[in-house]
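Contents: one structure, followed by commentary.
A, B and C label the chains in the order they appear, each numbered from 1.
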Amino acid sequence: MPAGRPPKTVLTLKVNGDSVELAVEPRTTLLEALRYTLRLTGSKQGCDKGDCGACTVLIDGTPTLACLTLAVECQGRAVTTIEGLARGPHVHPVQDAFDLCGALQCGFCQPGMMLSAAALLEANARPTRLQIREALSGNLCRCTGYKQIFDAVEVASGQREVAERDPRPTTGGES
Amino acid sequence: MLTLPPFTYHAPATVSEAVALLAEHRGDVKLLAGGTDLLPNMKHRLFTPAHLVGLRSVRGLAEIAEKDGAVRLGPMVSIARLARDPLVEQRLPSLQAAAQAIAGPQLRQMGTLGGNLCLDTRCVFYNQTAFWRLALGYCLKKDGTVCHVVKAGKRCVAAASNDTAPALLTLGARIRVAGPLGTRDVALADFYFADGVRNLGLQEDEVLTGIEVPSPEAGQRSGFQKLRVREAVDYPSLSVAVSSALDAGGNARWVRVAVSALGARPHLVGSLESLTGSKLTSAAVAEIGRIAHRQCHPLTNINIDPAWRRDLIPVLVKRAFETCRLARAS
Amino acid sequence: MKGHAVVGRRLRKLDGLKKATGEAKYADDLELPRMLHCKLLRSPHAHARIRRIDFTRCRAHPGVVEVLEGAELPARYGVIPWTPDEQALAADKARFVGDEVAAVAALDELAAEEALALIDVEWEVLPALVEPEQALAAGSPQIHEGKKHGNVSKHVGLSFGDVDAGFAASASVAEEDFFYAGSTHAAIEPHCALAQYDAEGNLTLWSSTQIPHYVHRELSRVLGLPETRVRVIQPFLGGAFGGKSDPFALEFVVAKLAMKTGRPVKCLLTREEVFFAHRGRHPMKMRFKVGLAKDGRIEAVDSKILIDGGAYSSFGLVTAYYSGQLLTGPYTFGSYRFDSTRVFTNKPPCGPKRGHGSVQPRFAFEVALDMAAEKLGLDPIEVRRRNFVGENVLTVNGQTITSNGFLQCLDAVEAASRWKERKGKLPYGRGLGVAGSMYISGTAYPLYPNELPQSGIQVKLDRSGKVTIFSGGSDIGQGLNSLPAYLIAEEIGCDPRDCHVVVSDTDLTPVDLGAYSSRGTYMIGAACLEAGQRLWAMLSEAVGAKWGCPGAAVEGALGTIRGPADGQQMSFREAVQLAEAKFGTLGATGSYRTQKLGGDYRGGTIGASPAYSFTAHVVEVRVDVETGVWKVERVWAAHDCGKALNPTLVEGQIEGSVYMGFGEAAMEEMTYLPSGLHAGPSLLDYRIPTSLDTPDIEATIVEPIDPGGPHGAKEAGEGPLHPVIPAIANALYDAVGVRLTALPFHPAKVLAALRAKAKHDGLAESAERGAC
């Protein structure tokens, strides 16, 4: 950082369960802090101003756009990024279902999409198709046309079977 | 990335501390609520305040309660909470419908009612990056001298795009503002001006601290309609809120209609007194639509065909009445 | 023939969980020690000469490390070697608002951005030619001085058969003007490039490109480095759709700045800059004339197309050809003529977007076909069926069609949509429409003439049983990182999960030309089969020797190798060790070589493909006649992709294509102010459909086995986009009786058309009444 800017602040955040301390400029967004300071690059940037949802993370469990959140305002809050969605060595059922259903095309929108989906299922274990559409409507995907994403959320919530379940040795999260 | 310009951040714990900070840095300070409007605007260098005063830590600004004949809403109530709160659902159905139609799910969680009411006006020639506005040659509202919408215009006509404002206008809301000299109450109808540069009756060192909506009368109903290109995310191309109270015989005690997203302030449709005492038949509603249509003149301030937006005013008015919901007892 | 163990199954992608967990690294996820951040200074003028650039104030900024201007990278480049008209940083003049003119490398992004504002450029502003008609007008200045034909980028006029006689013999002729608005890819990942120049003089570029090979060549040429000193790596790519298939300024600039500073340099475009980089769908003004015989046979088709190219050539030469050459299926044309002119304008350059060059004329043609058929009282599906071009035939312009499942596609969507029961019987405001299309499955020829393979695969077999596959293919989301594992595993009997596919690194992987023209599955697939068969020959021979049976009697699937005798089996690992003992270290290569194809005339090879895919869509719409707002209730999409190697991935391509075409029909449009400034370069103002807008899509895969494709496979990534747009137009007509000929079909346009029709019908009615 070149000289002459307002000084950095030291913050403590709970990121994916870990307590981390970091120094940021006041102007640093949570997205920048995650990606470039903590190197948690799973959170993506597609517009940096609230239009696309690629930067979605969970703050205290709620889907939030990290590109419009100041890191300094996250002092003491719990942030979950895609890197923290898996439970230990087991991927989250949403992650497993997205993979099974082919929803991960380029994958760029998907960290944000999967976090929105996981938050939906946390609040509503068996959402309808319309509720799924609504919950994901702030996450743009340019590859899939969304259908395999909707299917994946239904698979993750046990409301749909896949035509063929390709097993993975590492996916203990199979639902 | 779209960088934010440098600033110093303050996190006051009380309204008076916030007001003091605003007064101290007058001329170079902005209030930050959810940030969903201010931060994109700062990334676009529409504002480059040296100080930001965050409202997040100020206590007592997020209440929703009905007492003393009014529903009281704190400015830090999130749009998402408005969209699902049972009291809002029962008492202020049009406000709830408006909240549900704002932006997308994440933005509704982040955005606040206060921020929504104080939303900056929007225009295709304004909500752009610093580079873009340089290439354009700037405009009256920011850094320039001409308006690109109304070429000879001396006034900015950027669109009021906040969806809760028309609903609250028709519900007769008042707002409370705290400043260095104490607090004052203003009718929401008097809060907005037809000047897109500064359409709010708010001083730089003032904080909006509360919204008061009179408890609905018996027979009061309200509805909201929004026209947008996509079913999520998009700001309104046109929004219409209606509210009325019917007496036991089904005759209107009063009717209020607001049309927004056209000019610099939400427009409370005038000349509706003639409907007092009559039934809101489809012919009456059509007449209201015609009155609203006559009073509104959309411009090319957003990139959606203005003639079409105007044409649809009567249709949205009709649908807003059709989808009106009765305010239920709390 | 043994059945498939892997092919045709709904397997996961090899890298799916990497993407699911955030582990996958995209270009901007990479960071190197001492890395600098680069920002590009762009022209605020649509057309202006650069008199002088002064960096004095800029260099004084405390964060600035280095600057760059056009004169330092003088070589011109372009993805098509015949039309190199781009320069990394414009040295003489800028040709659109957003054209790059200088660059800064600084300690962080904000410093770079602040420093840009301190570069002083003296401009001589020239008249901006924003519309193609302006650019063609006599006396207009040339956007590219020295070109032979004013502002014409490319003109193509070809004629097949006697078109005038065809129209004379037609019982029904439809003639109409159409406009296809420009649209853009809007991949969610913005372009990003990172360069490192090491002490030994090796340049490495990580870039969000879908054509690492062409970038490799152009980088070496423009930077003046031997190709052996340049390495291009494509990390995970966050969507492309054709938008990352040109060499881009940022790639050359970060490379040069890395060379100048000795430090790694990264440049990440903002979303606005992605709109300036563009290369999206060309706006086309099209006059189409279609003549049908009484029985519905297509006698003649004639088109005149004005293509708005934007400021540079990009793929424009090909676009001009494709706008005509790719229309000659799935129907037989009695005769055909097209005349296409691509014109330079002072706007961001257009290029290839999913369905390059042929989506626009397909829209016009499929609507005009309906118009002409209506006059004959023919059902839209029936007229398409009657004109079916067939299998193993030559089209009117000399393209060779191999397999063709178009009739099955039509049957499928007709049945699924209950067309026969419902067409024409839906209430006012609801309607059904159909359209068909054809697309290439790879182009026969590379972009630069050569005799070399277009795709290569190398495989290394480890004695552990691990299979490492080296593939130059560019995965842009379609699954090309997994395809080699599926196909090699099928050939050699290993478990695809034991494959590691090393991809898209010009130092490590064999050349593949890139992700364009829907060539990946067909060509990389062919290379995989060749390599796999070579390996299997060794494996089966070694195993056969052990079991005392001929190699041909040995079979392998999913990690188990079996012999002809009962219970005779061993693991894949054991088989590898037997073969390694017998033949030494194991490896093999495979390649796809260019076939001689296409018509014997100038341009006859453009549009020539080793195979073609076919698609039919039926769309159901519902129109709100008070507002003009319409919704697609459902899209039934049947696509002939030959053998579906992984149906889940094929369905994803069909659905994604339908979605993208729907967006173009409903809302997407690149709009410009009269000055040439993009009116809304953001994902808020350039709207792409959300999860609430996307239609319900029912994809059906039609699988005629193609004789040339790997296991009979053809493309699925681009073809299925085409029909949805004309099918929507035809459905809207069915619903409310208005023909929409200009995209996108904004509700405002629909309402205006409805009102015009009501007025017209009203007048006609009162005239009738007056008459009696």
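Operating definition for what follows: a contact is a pair of C-beta atoms (placed from the backbone, for glycine too) under 8 Å apart; a residue touches a chain by one contact, two chains touch by 3 or more.
Note that the coordinates shown come from a computational prediction; the quantities given were computed from them, not determined experimentally.
> Which of the chain pairs holds the record for C-beta pairs in contact?
Among the chain pairs, A-C has the highest number of C-beta contacts.
> Which chain has its C-alpha centroid at the greatest distance from the C-alpha centroid of subunit C?
Chain B.
> Based only on mean CA positions, could you tell me how far subunit A sits from subunit B in angstrom?
Measuring from centre to centre gives 30 Å for this pair.
> From the C-alpha centre of subunit B to that of subunit C, how far is it in Å?
42
> Taking each chain's centre as the mean position of its Cα atoms, how many Å separate subunit A from subunit C?
Roughly 29 Å, centre to centre.
> Identify all positions of subunit C at which a residue touches two or more other chains, and write them in rising order.
110, 270-271, 684, 690-692
> Please set out, as single numbers or ranges, the residues of subunit A touching at least two other chains.
Those would be 27, 45, 48-51, 134, 136-139.
> Residues of subunit B that contact two or more other chains, please.
Those would be 1-3, 5-6, 104, 231-233.
> Report the residues of subunit B in contact with subunit C in the complex, numbered from low to high.
1-3, 5-6, 104, 124, 127, 129, 131-132, 134-136, 227, 229-235, 303-305, 307-308, 311-312, 315
> For a test of understanding, state which residues of subunit C touch subunit B in their complex under the given definition.
Residue list for subunit C touching subunit B: 42, 44-45, 97, 109-110, 113, 268, 270-272, 626-628, 667, 671, 673, 675, 677-681, 684-685, 687, 689-693, 746-748, 751-752.
> Which residues of subunit B touch subunit A in their complex?
Checking each residue of subunit B against subunit A gives 1-9, 11, 32, 35-36, 39-40, 43-44, 52, 54, 56, 103-107, 109-110, 231-233.
> Which residues, counting only subunit C, touch subunit A once they are in their complex?
9-13, 16-17, 19-26, 28-29, 31, 61-63, 106-108, 110-111, 185-190, 236-241, 270-271, 476-479, 497, 647-649, 651-652, 655-660, 682-684, 688, 690-692, 694, 696-697
> Spell out the residues on subunit A that touch subunit C in their complex, using ranges where they run on.
1-4, 27, 35-36, 39-52, 54, 81-83, 85-86, 91, 95-96, 98-111, 114, 132-134, 136-150, 162-164, 166, 168-171
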